[in-house]
Amino acid sequence: MCVAVPAEVIEKKDGNIGVVDYGELKQEVRLDLVDVEIGEFVLVHVGFAIQKLSREEGLSTRELFKEVYAAMEE
Amino acid sequence: MATGDELKAALHDLVDRDYTFMHICGTHEAAIARTGLRSVLPEGLKIVMGPGCPVCITPQGEIDAALKFVEKGCIVATYGDLLRVPGTKGSLESSGGDVRVVQGIHKAVEIAEKTPDKEVVFISVGFETTAPTVAATILARPPENFSILSCHRLVPPAMQWLLEQGEASLDGFLLPGHVCVVTGYEEYEQFPVPQVVAGFEAEDILLGLLMLVKQVKEGRHEVENAYPRAVCREGNRKAMDLMYEVFEPVDVEWRGFPVIPKSGLKLRPEFRQYDALEKFGIEIKHVEKHSGCICDQVLRGVAQPTDCKLFGKVCTPRTPVGPCMVSHEGACKIWNLYHVRHL
Amino acid sequence: MKVNLMHGAGGEVMGELLSVITKFENNNAGGIGLESLDDGAVIPVGDQKIVFTTDSHVVHPIFFPGGDIGRIAVSGTVNDLAMMGGRPIALSCAMVIQEGFDVADLERIVASMDAALGEVGASVVTGDTKVLERGSLDGIIINTAGVGVANHVVRDNGLRPGDVIISSGTLGDHGLAIMAHREGFDLGEQIKSDVAPLWGMVERALAAGEIHAMKDPTRGGFANAINEMASKAGVHVEIDEEALPIRTSVRSAAAMLGIDPLEVANEGKTIMGVPADDVEAVLKALRSHKYGKDAAIIGRVTEGSGVVMKTKIGGERFIEAPIGDPVPRVC
Amino acid sequence: MKVNLMHGAGGEVMGELLSVITKFENNNAGGIGLESLDDGAVIPVGDQKIVFTTDSHVVHPIFFPGGDIGRIAVSGTVNDLAMMGGRPIALSCAMVIQEGFDVADLERIVASMDAALGEVGASVVTGDTKVLERGSLDGIIINTAGVGVANHVVRDNGLRPGDVIISSGTLGDHGLAIMAHREGFDLGEQIKSDVAPLWGMVERALAAGEIHAMKDPTRGGFANAINEMASKAGVHVEIDEEALPIRTSVRSAAAMLGIDPLEVANEGKTIMGVPADDVEAVLKALRSHKYGKDAAIIGRVTEGSGVVMKTKIGGERFIEAPIGDPVPRVC
Amino acid sequence: MATGDELKAALHDLVDRDYTFMHICGTHEAAIARTGLRSVLPEGLKIVMGPGCPVCITPQGEIDAALKFVEKGCIVATYGDLLRVPGTKGSLESSGGDVRVVQGIHKAVEIAEKTPDKEVVFISVGFETTAPTVAATILARPPENFSILSCHRLVPPAMQWLLEQGEASLDGFLLPGHVCVVTGYEEYEQFPVPQVVAGFEAEDILLGLLMLVKQVKEGRHEVENAYPRAVCREGNRKAMDLMYEVFEPVDVEWRGFPVIPKSGLKLRPEFRQYDALEKFGIEIKHVEKHSGCICDQVLRGVAQPTDCKLFGKVCTPRTPVGPCMVSHEGACKIWNLYHVRHL
Amino acid sequence: MCVAVPAEVIEKKDGNIGVVDYGELKQEVRLDLVDVEIGEFVLVHVGFAIQKLSREEGLSTRELFKEVYAAMEE
């Protein structure tokens, strides 16, 4: 469940509030549940950032597939 | 990310017999339907749906309670998803009351702050993904005219109940990516079945399926992570801690299911002032399901919507009989929209 | 049976209500009448083909990024005339206004209507005003009817196998602009409605090549319009997901709100079926106009029925007319 | 400034709102346009004179003795076309319906519209339907626009000194039927609305003689219509109280409710200005039609301004356009 | 009945100097305006208006109280006349509440019987003509959810107050026919001025004027009856008895006037349960009149509407400043409609 | 003040209710304040008959005028 969308943190404000960019669309979201810096990516659900997204891990999904598939080839 | 074509090819290479996996996430079902993903799977590979839609599994009694707050003249704030879910007497949308669609609980609190002379009740549904956002908000002590109807549910107790039934011959589970973002997946390691945490792009799901098939073929049953850019084993500890600071687990009924032990969330005593049920002296009543509806079996993966005699006839998205035909993430509704019409 | 909200949201459910509301024996004045449920009717008068259409407009909020109810009221009717191949000549304007409505807002609305009329050379020539007491109406309803003249009538049922489907521009802008602007999402004016009177653009397209079918994807969005076009013509339509022009901001908002951008209204777009030979010319003509610069080929017509979308992943799924107005979802 | 109920009740107050709502630069399509605030507009198309008009209809209750909102919606527009000398050809029908409205009632309304159309040979050729959520509208609003063709256009500003004023029948029936039928007065169905589509009757009158001016005394009643006609033409009108055709039952109800029957709506009447020479013939033509059998000479036009009534007692008093909708009074 | 022509001729014969008579009945003014009666009177014969419109003389504080019942969610039932009378914050018509126009109090009681879960308040205005209908209804013990706001007024105390002021140089009074139907006219015999009870047809009024002129010319001052088909000296005793069984006289303010002793009607203690003010704990507040308005002088016959600087400019039927511009029977409104426009 | 209209009593019902005819218009009214019989005329105000009308007196208004005027002639 749970629609959640990735976004980049582009501003931090007082009171656990941040501004994120979903892609040509900016919105204020709550940062109560994560510790993030400007420039980092988060997953936003019901107006709250619920987790940081790791760019490196994201890129490595392809690697993950390669690993999985390579393992199978054997 | 791996390309879809590579993933599809790999799956077709690998699948040599029938496999049935269950996802327990309405957003997975929505993504599968939206991307036409089933149409690219090798024959024999089936994905069935579990009780993964928080709207579907909210019992009718809780919707009736929400309507009672409308009757009492409260401003009722909630997610759009709940608007059209029928209670015993109509839905929030057709109630004629002051019902506001909000993005999240913090917006409901803003409404309470702006209308101090009105009671604002937030109908709070959702799994572990959502409950921490509610907890964080309650901890900030919203104004006195604000309260919530907690309809939250936890995933692992339901999964345990399903496994104990042992009805569905499942080869494994696609774990709900966004729940695991918060909870991590350590808790799922107790279950002796193949499980993979998956994200919500078509490629994420294909990768998850691939990893599940591989586990089965290799005779393993463990929890693997196909969504590492968002999920780690420990999840978001901060979010989980907040959740348990504010809520405590409670035995609760799921729509189409019996009472599942420790599967709900109740406000802890120190936050009871925000409990709308206590504040307005309202009790949740159990409402008997329509006799013909086999939603419980659908949600447990032992039946498909098309197995239901009511499906598409008496029960349609416009005249839903069971919970699965209600929500945008409901199995029967999604099947009605994407699978049945012309195929 | 009682009317419910889904009866008003287009699609199959609305069809049930329409079967009641269109049960007129006096339904045709010798041309194209109510029975065809096209964008408008055609009435032969003397040697002329008069096109006639109407729409009532209810929008909340009445002022939104990119437009207002007045611009919609004119554009909606101008576009329905244009969809029939009709040059818009004269509009009626009937306002039902709630007591307490701000007269300054009325002034803005009228000015906005006037500007939209000016874009296509049409006029509001007759009107009506009713004021309802507080509590019996929420805001304002503007009905416009329009009279146009067509040299060559275009229908919405004319798709033929072999035709290419063109969208005159990006999809979902109006619906998501309205939704994003509503209280509670704080997205402000980042998404603008596409509301625009299209006669100028359509006129160029009509001059450039043959257009077999044309419809404006308003209520129920592209999903509704393309299904109506396919089923009326008895053809199959295949849409390329990757070819669909959708703004990044619209995509972002749609993802965040859990809404399918194909299911929400557009107020400045047309969907056309064009024979393959004329596609280049028509596309060029569309793109030459400011309201058509994002025009794109988005699919093709074959024999059969239904509308299927080829997804990016190589899958197939049906595009169905939505049931009920989309509501933002978060879980 | 805020819109209030008086802004919607016709007369001078409504004029203030109209000055805002009619402030279009694009207000005329080459014939008679919005600026003239006549019963409808005229648009020249080819060698034809197209007449075009619109009205939104809100009536409570929607079914009343002698008619219903559907019959009004068709008759109102047919009559506005007829008042311009236009033969009604095609109507649009745009319904805005509240969620929860009974579909069986819709069926009755449509059947009633159809019957009224059949009386004059017109058709509903295009339509629109919107459903509003509970609480945002009380019942149903039906807008119709109409297209007609006129051989000879009649205006509402054409009164000339020497003209005779004719009423095509009894005055006050509709308004008092509605009021009497409302909850709380228990007068049941004793007074019937006069709602009727008048083209058949008007056609005969047009063929019988010259008609200098014509208007249907709807909102604001006869008092409003005759003042508008007098002031637009810049003439004085003198009305004979004793000549006014008013049913005894309407008189009784008017006395009991404290309402002036000249200030309430008629939905099946026309007020005409006819040159003295043609009065006999026109009157005969009117009386030959079932909707004109009570036609009567009720006054005359002279130079000057204003509308004065000669009372039974031999006194004189002005007939003024009412301010606001009449409300039953008891003290 | 005598014909109008005969009466007009007789009056023209008789009137040889200036006469000014006052009527104290809005319905007389309405009839005079409607029939154009002033236009047939001999020069020198003037009719001025007194405080005869029960809506005009209802102070703004009472309208404000009526609006309070709307605010409290009551169904407010009243005569159409009161709908548009402006209180301090809008009128009943524009209040957005559940306001019902009824023919009489009995219809308001029917509403109360049909909606037992709602409070129904009847705003009860009127002179002696109307008060007995209210009394008869209250005596039949309406349901508990019914109550009235008594705004009733009695005519003779106001007339006495006027005579005591002695400002207006009046030659006599046309007595209110329908008030006298109920009260008779014995009570008016105490006033040492020419008085004639008149009905409401043009002929009735002409006859009344004729009889007044004759009294003056003959130096008499008594009460004569020009409306014998409806009025007798003793009036309707049954109606009067009922009225005093239920109500007792009370000192009360009139709009545009000071408090006039014993000029209002209050429910007697045994019927206090039907007193909406007591039931809802609401008090009538005095509201200061707009400084420029000379309504009080108009209602006392010492000024005409056109003497007011605001008349037709700031104060119009759409934007009434004083009470006389409000009611259909109000002097300023009637003058605005019938006298001023083009004459 | 007080709009009141004459009407003929054409029916009497239980509970002080009567049906009157105003002239091609019938209505139920309350008879609490008067004692009348069918065929008699009453004056109706706010839905209540407030007095009986005497036909003879009504006719004599013309006489009344004659008296008054005749008296003046002298």
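Things to note:
Per-chain numbering from 1; labels A, B, C, D, E and F assigned in written order.
Everything below uses one rule, namely that a residue touches a chain if its C-beta (ideal position, glycine included) is under 8 Å from a C-beta of that chain, and two chains touch if they have at least 3 such contacts.
Quick caveat, the model's predicted, so the values are computed rather than measured.
Common neighbours of subunit C and subunit D (chains touching each): B, E. Number of steps on the shortest path from subunit A to subunit E, with steps defined by chain touch: 2.
The interface carrying the most C-beta pairs in contact is the one between chains C-D.
When chain centres are set by their Cα atoms, the one at the greatest distance from subunit B is F.
Rounded to a whole number, the gap between the C-alpha centres of subunit B and subunit F is 75 angstrom. Between subunit A and subunit F, the centres computed from C-alpha atoms are 87 Å apart.
Rounded to whole angstrom units, the spacing between the C-alpha centres of subunit A and subunit C is 36. Each chain gets one centre point, the mean of its Cα atoms, and the points for subunit E and subunit F are 21 Å apart.
Under the contact definition stated at the top, the residues of subunit D that touch 2 or more other chains are 4-5, 99-100, 133, 135, 185, 258, 329-331.
The multi-chain contact residues of subunit F, meaning those touching 2 or more other chains, are 1-3, 45-46. For subunit E, residues that reach two or more other chains under the stated contact definition are 26, 54, 79, 93-94, 103-104, 107, 126, 129-130, 203, 329. Chain pairs that touch one another, listed by label: A-B, A-C, B-C, B-D, C-D, C-E, D-E, D-F, E-F. Chain contact summary for the complex, subunit C toward subunit B: residues 4-6, 13, 183-185, 258, 260, 305-306, 309, 311-318, 320, 323-324, 327-331.
Looking at the complex, you find that subunit E touches subunit F at residues 1-2, 6-7, 10, 13-14, 25-27, 52-54, 79, 103-107, 126-127, 129-130, 132-133, 136-137, 176, 178-179, 181-182, 203-204, 207, 210-211, 214, 226, 228-231, 236, 238-239, 242, 329. Put simply, subunit F touches subunit D in their complex at residues 1-3, 5, 22-28, 44-46. Residues of subunit C touching subunit D in their complex: 1-5, 7-9, 14, 17-18, 20-29, 31-34, 40-41, 43, 45-48, 50, 52-56, 58, 89-90, 92-104, 106-107, 110-111, 113-114, 117-118, 121-133, 135-138, 141, 143, 145, 147, 149. Within the complex, the subunit B residues that touch subunit D are 93-96.
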